[in-house]
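The same chain A turns up in both complexes below, where it pairs with chain B and then with chain C.
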Partner chain A sequence: MFNKMLSRNINDHNNVNAKRVAEQMTILRGERMLLKDYLVQSLQESGWDDKVRILCREEIAKANGLISVDSLVDRVTPKARKEIPDELKADMILKIKKVLLQAKED
Partner chain B sequence: MTNANRSKWEYESESDLIQDFKKTFANPSNLDPAAEHLFESMFQEAVEGVAFQMHFESKHPEVFSTTNQSFDDTKKHSSSSHNDYGASSNKFLNCKCLNCEKTVSANKFASHLENCMGLGRNSSRIASRKKTTNNSYYDPDDPYDNDAESNDANWTAKEKTKKKTIKSQSSQKKSKTYM
Partner chain C sequence: MCSHISEYYNKYGIKPYELVNSFFSSSLSREKRKIKAFSCICHICGQANNLLGCLHCIYFGCKAHIAEHFKNKKHYVAINLSHGHLFCFYCYDYVYDSKFLKINERYNALAAKSLKKSVSFLPWYPSEEEIALLQIHPKKFINENNRLGLRGLFNLGNSCFMNCIIQVLIHTPVLRDFFLSDNHNCKLSGCMVCEISKIFQEFYSGKTSPISLHDLLFLIWKNVSHLAGYKQQDAHEFFIATLNLLHIHFRDSSKAQHQDPCNCIVDKIFTGTLLSDLVCTTCKHVSPTFEPFKDLSLDLNEQPKSLINCLERFTRLEHLGANAKLICSKCNTEQEFTKELSIETLPIIASFHLKRFEQTGLNDKKKISTFISFPDELDLTPFLKKSQNNDQLMNRASAKYSLYAVVNHEGRSIDSGHYTSIVRHSNNHWVKCDDLNLTPFSIEKVLSSEGYLLFYHKKVLEYN
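Coming up: the complex of A and B.
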């Protein structure tokens, strides 16, 4: 049991390292910006943008205009996550993996 | 996180980062969580962008007047002093032109600035007219005066002389035919 916990901790540590390194590498190569622009454009084309705007308006109206940006983001993010089309998410993750593999080979 | 761990995240050079990256992703099991994490961070930024814009719109509805047109007119009439976000919209935004220091309403600011800075369609004509009123002397026959603006400004003078010459030529022709 102790070995399982140890291996899990090592795995988590590796995952944290991998996430951090991947983010820094894509920023260094300028690919993160391109991926983000592509994501934003795809979300707009799918209508996700409009839905999230409506969600934001509803939240602001509920609070009578007295809401901070951070609170608004915290309230809207879970609902916005449900609105993402599954195909778009799968497509994006595939693209990101390709970019990481390309970076590894270069 | 200990200091030793913190220093691990800071790379001394690009090559250190690249080495660590290749070492980390030599293990293919790291690819999925890294891709998920990247997607999540980019998605979070996208949400924050939209939320920030909507929050700003709610605080400054007069700047984004086109968005208010999409709401029902009945709502507007019933609560004229408040917009659909519940905030007061009685303030009207005026902007001060940096070029001529005039106060202009926000709706007309863009077109005013365009003309003020000489980038609009009619602004070059207005500027050249101003120049001709300031310059009392202009010689159309001067070959060294190749300034396009001044030439453009004095097209009326040239055209008048042209008309005169055409008229004189046509009158000569007429006289010839009767000969």
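Coming up: the complex of A and C.
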């Protein structure tokens, strides 16, 4: 069943179904954690986390320290997304595709 | 502080959290990952992003639906399934409780083990004891505005070769962290590790007056006979001798059985492995040999322009020629070989020795003073072993390094010159250490200095 879903959805990034399959497949095979670590490390190296830390500090200061994690995340997310280097996004898509193609072979 | 979590803890204990975390957040085994992959969806709308799991009953929900669940059932504690932190609906925010954090941390390590990977980055949560300690010692921060960790060293008669290396070791972050966290107590007399430990304490005591390293010099004289006497010595030789002596004394002082590869701090930090591939030109049979290294000595004979240049030459394919035939284990006859070096494992500290002193006669060394440029950020990826497959796709041991110290030789020959070092004191703040004198330096000046020994620190350290 998985194989069918995979071959149908592997190139369709915007499909909700595809997202779900990618998620399940990577969790199942354990590669999700590796991808996550890789992403975190790359973001750190690019200086992204420092930028986001500053954004968070600004928002917390604006709210006089009284802000919940969720609303902080809501406020910072749009700006933080924009700061992610385009090459890294492309790199991640490529890596996820590779994992899924490998999964199809296995 | 949230009182609801302690209330929850007293009523239900930690078991529900352990259970849900072990399956659905950290996922400790293959079977658990399978269950997680198929059952982590919002019980109302079916979406799978950013889910919270109720810790009172079996219920997963997205943000909106778990909030509804709380309204209906008054189940007020939930766990975020992507990172394992607790959410309290009365406070309407995440709460951090040490009992739960500890379990989350332990499970993350176990999950990493089950996936055969290094532990993911975790922020440090100081304990109450540690917070109290930090508050008593507010001044012990290293930054541009203070001199903590900066002290001059007396010249004890041509002992600048020692002073410059000690300044480098003192400003090596991983080494400093090891020594300042009281990791060595052996009380053997004449122990080099104790001596270095003592010097670290002196440097970070908060005093600013210069230090005399006569005990260390005496110890070196006793243990390394060719460095004894008041003559000028080679700083690189001193560096290597110091690392060796530290390694030997670590082994002598530790009660644990000696392991191979050695796990003493010196080997953990400075040792990497080189792979040397000898390839038979006839049958293409490869015989690999692995060789540990503590630094790389780079030739300057062919007028390289930069450190990268030197490294390219160091790792290029080399024909050993017809005069250096070896027996090929596959052909069983004498064959010509090619040799290629690459880096198999990277050390935390990569140090490079530019061979500025060339042996010209029996007792004669000529100094090569050509300018070799070196970067402040170095990427060693091109010099790593070329992996045949792509499994290392994500397992990237990052190969990025930052410059943190440079040793320079001033003067025209090895016997008459003077050694100084430039060290990174804090982020963008460099200090030139010339025996007693400490002067601030700009990065431009650091990068335009001649460079004899170059020290780079790995940017990302892996947790094991």
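The criterion applied here is as follows: the second predicted complex is superposed on the first by the 92 of 106 C-alpha atoms of A that agree within 3 Å, B and C clash if a C-alpha of one lies under 4 Å from a C-alpha of the other, contacts with A are read in each partner's own complex, and residues count from 1 in each chain.
Everything that follows uses one rule, which is that a contact is a pair of C-beta atoms (placed from the backbone, for glycine too) under 8 Å apart; a residue touches a chain by one contact, two chains touch by 3 or more.
Keep in mind it's a predicted model, so treat the numbers as computed, not measured.
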Using the superposition on chain A described above, determine whether A:35 touches chain B (first), chain C (second), both, or neither.
both
Go through the superposed model and pick first if A:69 touches only chain B, second if only chain C, both, or neither.
both
Is A:80 touching the first partner chain B, the second partner chain C, both, or neither of them?
first
Of chain C and chain B, partner touching more chain A residues
B
Would you sort A:24 into first (chain B), second (chain C), both or neither based on which partner it touches?
both
After lining up the shared chain so the two structures overlap, which partner does A:45 touch, if you call chain B first and chain C second: first, second, both or neither?
second
By the touch definition above, which chain A residues appear in both interfaces, chain B in one complex and chain C in the other?
20, 23-25, 28, 35-36, 40, 69
Under the touch definition given earlier, write down the residues of chain B that touch chain A in their complex.
8-9, 11, 14, 17-18, 20-22, 24-27, 30-39, 41-52, 54-55, 58-59, 84-87
If you look only at chain C, which of its residues touch chain A in the complex?
27, 30, 33-34, 36-38, 40, 48, 63, 92-94, 111-112, 114-115, 117-118, 120-121, 390, 393-396, 398, 400, 459-460
If we count contacts the way the header does, which residues on chain A are in touch with chain B in the complex?
14-15, 17-26, 28, 32, 35-36, 39-40, 43, 49, 52-53, 56-57, 60-61, 63-65, 67, 69, 72-73, 76-77, 80-81, 84, 89, 92-93, 96-97, 100-101, 103-104
In the complex with chain C, residue positions of chain A that touch it
20, 23-25, 27-31, 33-38, 40-41, 44-45, 68-70, 95, 98
